[in-house]
Every structure is written in structure tokens, then in C-alpha cells.
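By letter and in written order, the chains are A, B and C; residue numbering begins at 1 in each of them.
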Amino acid sequence: MSTALLLSALVGGLANGAVYALVALGLTLIYGVLHIINFAHGSLLMLALYASWILWSALGVSPYVALVLLAPLFFALGYALQRWVIGPAGQGRDANVLLVTLGVSIVIDNLALAVFGPATRTVDIPLATSTIDLGVMYLPLPRLIAFVAALLLSGGLWLLLNRTDLGRAIRAVARESDAARLVGIRVAHIHAVTFGIGTASVAAAACLLLPSFYVSPDAGYAFVLVAFTVVVMGGMGSFPGALLAGLVIGVIESFSGLWFGPSLAPIGIYAAFALVLLFRPTGLFGARA
Amino acid sequence: MLDVVDLHRRFGGVTALSGVSIAVRQGSITALIGPNGAGKTTAFATIAGFHRPDRGQMRFLGRDITGWRPERIARLGLVRTFQIVQPFGRLSVRDNIAVGAHLHLARRASALTEAEAVARRLGLAADLDKPADTLPIAGRKRLELARALATRPRMLLLDEVMAGLNPAEVAALMPVIREIRDGGVTLLMIEHVMQAVAELAERCIVLAEGRVIATGTVAEVARDPVVVDAYLGEGAAARLADHHAA
Amino acid sequence: MTRWGARAGPPLLLMLGALPFAFPSGFVLTTATLLLLTAILGQSWNILGGYGGQSSFGHALFYGTGAFTTALLQVRFGWNAWVAAAAAIGAGTLVGAAAGALVFRQGLRGSYFALVTLAFAEIARVLVASFDITGGGFGLLVPLHRGAASFQFSDPRLPYWIAWTVVLAGVLLTIGIERSRFGARLAAVRENEDAARALGIAPVQVKTVCTAISAGLAATAGVLYLQIFLFIDAANGFGVGVSVQALLAPILGGLATPWGALLGALALRLMAEMVHAVAGGLAGIDLALFGVILILILRFAPGGIAGIRLRRDA
């Protein structure tokens, strides 16, 4: 196998991995604070992809501009979901919460199917087809933007959590929700805010993703297991871990596609996921459990 | 019957047990006492197989049980109760006790009959059909004991079965425990209710900061200045002696 | 305590048994056959998720193993359908035992258990879709060969009654579990694993056996599906839709009750038909409704349909 082929698989994997990391950041925030494995994360991504696509096809708004509009909108949606659906119905039981988020994802996926039909949609903006010549391969510009955005977003989330009063409240709830309640923090509110931030992150990811991707009712599902893999491998709740794990997963996928053929490429991801869950459930990178 | 030699156990940087040795004679009631944080519950959890000791050896009925899994130790006849009661919450009291009885009874009907008999012995007959969650604390403590007893153990490790009970409930439970011993079950009990320790235990083992600091009869250890210091603080024994002398 | 499930279950099952006399073939019988398959798959999930307390998101792994094993043995190796069916159920049970032993030995529970089972099912789906021997992207078609010896009947009532018998067997199996030492241990492990261990119960062993039983029943549902439709592909066998279907019925009908899966399967089927009548062919709308119902059940009636109390005499 030629070096050029390996190198281009590596770069392609890293570029995909940046997208995975981007998608997983919101999920890892939600897990780290709420200890909720949000199965609806992929569906929310899909919903945001549609929202961004509608803004583009109806009003000609570029997805990169739509981000500014959709992030707050999806914050509100996430807040409402956690506050009035997932929180009350989960009743604090781990497996219940997972089932509720599964229910939410079933609803969103199938409503999308009913409303938009099964067709695959894409946006056509000049930037989407721009590439950068790396010598061994051409890197699509949107992937580079996604890569930079993943860095910025994880940095932003880190700052939010560690440098603001809201962040302090969120971390207090994450560590000791009973104690946080005692000192007057409204735990249900903070949970909902956290879920909202996670959902806003996934909406941002969707806007950055759309130019080089597509949207269909099952577009989110493709990301669910990948995002979980990233979160678990990176150490649940760790942003740098998620970034690194996203890149690793992208490369794993790219190389298993290279060696086993494209139809078996996802095997690498699922196998990595199962292995990490079974043998290193605290994450590969020694992040906190 | 039970021989624990030089047990060590650390959690992260904290030493919970450092060289604990405990010997319990068959047919006896032995109390394990000591101030809070002395390592009593850790010692129980380690003996019962819930923690693996870092060092040391445990023998029960002549067999080396070091490193055994808890279920295997229980099947050999060494059964613990939990200080913080652990009922099978949504199951009835009858079903809870039957789980214990199933250790030696394969048939459901036999286990349920046995459960009723044990419940009657422990004064839980009226509560048989209630979900375990709905029992008051005294009832749940008895249930904890009943479930363990239904396994027909050779030896019981009782972790504060008296805690949280009012004096009348303590008085009612004491003959039950004596009866269990008379039925051939050896008992090692962690207990803070000193009245119970004094009346029930033939021997006392005092644990402090992960070490055995005294053993003997209740009267002996109560006079031991090392024990008094451990409970009341450094120098307390001397001050008490001065006080008596004055 | 009298509950709706024990009251409504038996007459409902009897009525379903008599249904082919009124509808010897056609749409109603086909719909009812699918209902029975859902009930079997749901009962399988109920054994592990309800009685065992382990929510699986990957029951398709066992169902698909059943369907694909029997299809492979018949199509590629020329086995007799009945022998292949027995082997497929055995294979499903083995896969369940292996998956259970692996996952529970590593101490995974709760959401982690759910996710790892989902990953297993997805691995199976991708593998099956990638190799020609398993039909690749097209699936496996069992050649038409009517006759009792080849487990293919020209009278559609016969496979219906076979499925009905399996539903009955599933109900009896769960009642048997409820009244056995194994069931007592399973409940103990579900409620409190440490307390169970202190009483001499080995949780890994109990949960593994439970997974194997559940998997065997799911594989049976897969075998029946294959013999009725004579076709299976990766999505129908190992797809996430199968796993979702498996958990919807018992959660809606009532977890850890013998009749819950059947009641849930019936309710789901009736609702799907009603939605179909109202919304026509709008794809996905029935599943969206199921999602809403799943959330409502978890929120307001965790006991499901079977848990509804008829009288307050507890």
C-alpha cells in the first residue's frame, strides 16, 4: 500500500474525525453533567440539519450564517425537552432516561420522515466545493472549517464551564446535586440549561456540517453510535478527550475502510465502541470516570 | 471457626485496615467495636469477599477463603448483613426472605414456607405480604437479619443490626440473637449499642484506625486505657484515673 | 391485587387462537400473525428487560441470528427447515449466553449495557450486509417449497397457530420463571446486586442465563418470521427497528408481567392500523406516535397496560 494512499486516508480520517468530535461535544457536556446518555442527540442533529437546509433553500441563508440563528433556537428546544419531557419522564432512573431519549428520537426521526419524506437533500454553496491542495490530496474547505470550529467550540465550552458563574453552578450540580440544591441552586433549571447548551452545540455542528454533508430523516442515526463512541472513548464529560477521540475514531474508520472495504468501514467504529465500553469504560485517555 | 490473619486494605491513599487479625470460636458471640471510621465495616466487607484484601489471609471452616467471590463465601455458610439495609425493595417481605432460603432449597414452595417460619421467628409475620420498601427502619433491620438467617448460615456477620432501634426494640431483638446462637450459628457483630454488646458478647475485639487495639471480655476491654483513649481521645484514660483517685 | 393484565390476558389469547376461523386468510390474518411475532419478540425482551432489569437496545442481535442462521442453513447448506430452525434457536441462545457472559463479566449495566448491545447488533448488521454468503445487500430468499416437511404451509392458518403456540409457551415460560428459584434470584439481582451476592447468588451467572433464555425466544421469533415470509435481509434481521419493536411492546403492555408483551403488541398493532386509517400512507407517523406513547408510559404509567389496577385491594 502506497504511502500517499495511507497519508490521504489519515488526513481524510482526521477531517471526518473533526466532524465527529464537533457532533460529540454537546453529547459529552450532557453526559458529564446530567449523566444522561442522550439517545436523541443524533435526531437533534438531523433536525438542525433540516432547519439549516430550510433556511438555505427558502431564504438563501448560508448555513454558516444560520448558525447564529439556530443555536439559540435549539438552546430553547433543548431546555424545554429536558425540563418538561426527559427530566419528568426519566424519574431519575438511568435506563428509564435512556428509554425516554430513545422515545424522543423515534418521534423526531419519524416526524421528519412524515414531513420531508425519505429524500436526501444537500445545499449548494460555492464554499462547499472549495478544496485546499495538501500535496497528497485535496481537503474540502468545509472540513477544515469544521476542524477549526471543533477546536473553537470545545474551547468555548471549556471557558463557559470553568470561567463563568453559570459554569460553576453547572459543575456544582454535576458533582453534588444534593449539595447544590442546599445552597440554593435550582437543579432542574441547571439541568435544562446544560441540556440546552448541548443541544445548541449540536445545532452549531449541524450548520457547519451541512455544506459538506447531506440531510435525510436517518442522517442523525449515522452519528449516534459514532458520537457515543467518541464520548465514551474520550472519557465521559471531557472536552479535550472528545476532541482527541473524535480524531482517533475518524482515523479508525478511514483505515478500516481502506483495509476491509467501504461497506465494512463502520465495523471499526462499532468494534472500538464495544471494546472501549467493555474494557475501558472510563475512557482511553485517563480522563475522569 | 473464622481465622483472619494480618488483613490489609487501602482505598487510594487511605489505609482502612492495617494488619487486622480476628479469631472467632465456633458457637460464640463476638462483638467488633470501635469508634467511627475504625474500619469495622471494611473488615466485614473484606471478610465477606466484597473487597479483596491487599495482604493477609482468611480461613473459614478450615478453608482458605482469601480472594473468593462473595457469593461463594456465602454458599460456604459465612453470611453478612449490611449496615445500610439493602432490601429487595419492590419484592414482598416473604419473597425477600425466600431469596435467602433458596440457597439450600430448590423448590419455590419450600422456600416460601421456610420464609414464613423465619419471619415468625423474627416477628415479621404480620408484614409478610408488604413490599420491603414500606417497612419502617426496625422492620427492615429485622428483614436484613431474616434474609441472612434463611440461608441457614454457619456464621453471621451482623453489621449494626441494633442501630436506629428504640430501647424497646433493642430489648426485643436481643433474645432473638441469643436464640440464633443457641441454634448453632456463630456470630460476629459490629455494634454501637453497648447494652447489647455487654449482654450478648462473650468476647470483644476493639478496632481503631484499622488496627486491633484490644481483645477480651467486655469488662476487660472497657477498663483497658488504650481503648478508653481510642474512644475519648489521647490521655483520657489518665485523666479519668486521676479523677477517680482524687 | 387484581390487575388488568392477568384478567384480560387469557381471554385475549383464546380469542386470538380462534381468530383464523373467522379470518382464514387475507389482511386480518397477516396482521394478526405479525402481532403474534411482535408479542414473542416482546416477551423475549420482557424476560431480560422486565424480569432481569437489563434494558437491551440490541435485541435484533438475537432475532437476526435466528432468522439468518435458519436461512443460511437452508439456502447455502440444504438443511431441512425444521432441523435448521432448531439449530437457529440454539445458535440464538448461544449468542445470548456469550454476549451476556462477556458484558456482565465486565460489570456493564444500565445505559452501558443498552449501548453495548446496540453496538453488537450493528456489528452483526454491517457484517451480514457485507458478505455474499449472507445475502449481502440483497438478503436471503428461501426457495418456495410448500409442505409440512419444509416448514412451509399453503394454509396461512398453520404458521399462525404455530406462532400462537409459541406466544402461549412464552407466557407459560414467564409464569414458570416467576414461580421458580431462578426467578427469585433474577428478581433479587435486579433489585439489589450486592444484597443478592451476600445471599450466595452469582449475579453474572443469573443474568447470563437470563440473556440466553431471552435470546433463544427472540431467535424463535426470527425463525418464524423467516418461515412465514421466506425472506430476510440485514435491516429486517439486525436493524435497530427490530430492537425498538422488541422493547416497545412489553414496556407499553407492562414489564415483568406474563401478559404485558401480548397486550402491548395488540395495542401497538391496533394503534398502527388506526393511524394508517386516519393518516393514510404517510410514512413514519405511526412510529412517531409510538415514540410519544413510550414517553407517556414512562412518565405516567410505568406499570404499562397490565399494571392498571382493577380494584384497590392491596
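Quick note on the criterion: a residue touches a chain if its C-beta (ideal position, glycine included) is under 8 Å from a C-beta of that chain, and two chains touch if they have at least 3 such contacts.
Given the structure is predicted, the values throughout are model-derived calculations rather than measurements.
In terms of inter-chain touching, the protein chains here are arranged end to end in an open line. Top-ranked chain pair, ordered by C-beta pairs in contact, is A-C. With centres computed from Cα atoms alone, the innermost chain of the structure is C. Placing every chain at the mean of its C-alpha atoms, the farthest one from chain A is found to be B. Centres computed as Cα averages put chain A at a distance of 50 Å from chain B.
Chain B and chain C have CA centres that are 44 Å apart.
Between chain A and chain C, the centres computed from C-alpha atoms are 31 Å apart. Across the assembly, chain C contributes no residue that touches 2 or more other chains.
Put simply, chain C touches chain A in their complex at residues 53, 55, 57, 102-103, 106, 108, 110-112, 114-116, 118-120, 122-123, 126-127, 129-130, 240, 244, 247, 251, 282-288, 290-292, 294-296, 298-299, 302. Partner chain C is touched in their complex by these residues of chain A: 37, 85, 88-91, 94-100, 102-107, 109-114, 117-118, 217, 221, 225, 228, 232, 261, 263-264, 266-267, 270-271, 273-274, 277-279, 281.
Residue ranges on chain C touching chain B, taken from their complex, read 179-181, 184-185, 187-188, 191-192, 194-203. Listing the residues of chain B that touch chain C in their complex gives 48, 50, 69-72, 74-75, 79-82, 86-91, 95, 98-100, 102-103, 105-108, 111, 147-148, 151.
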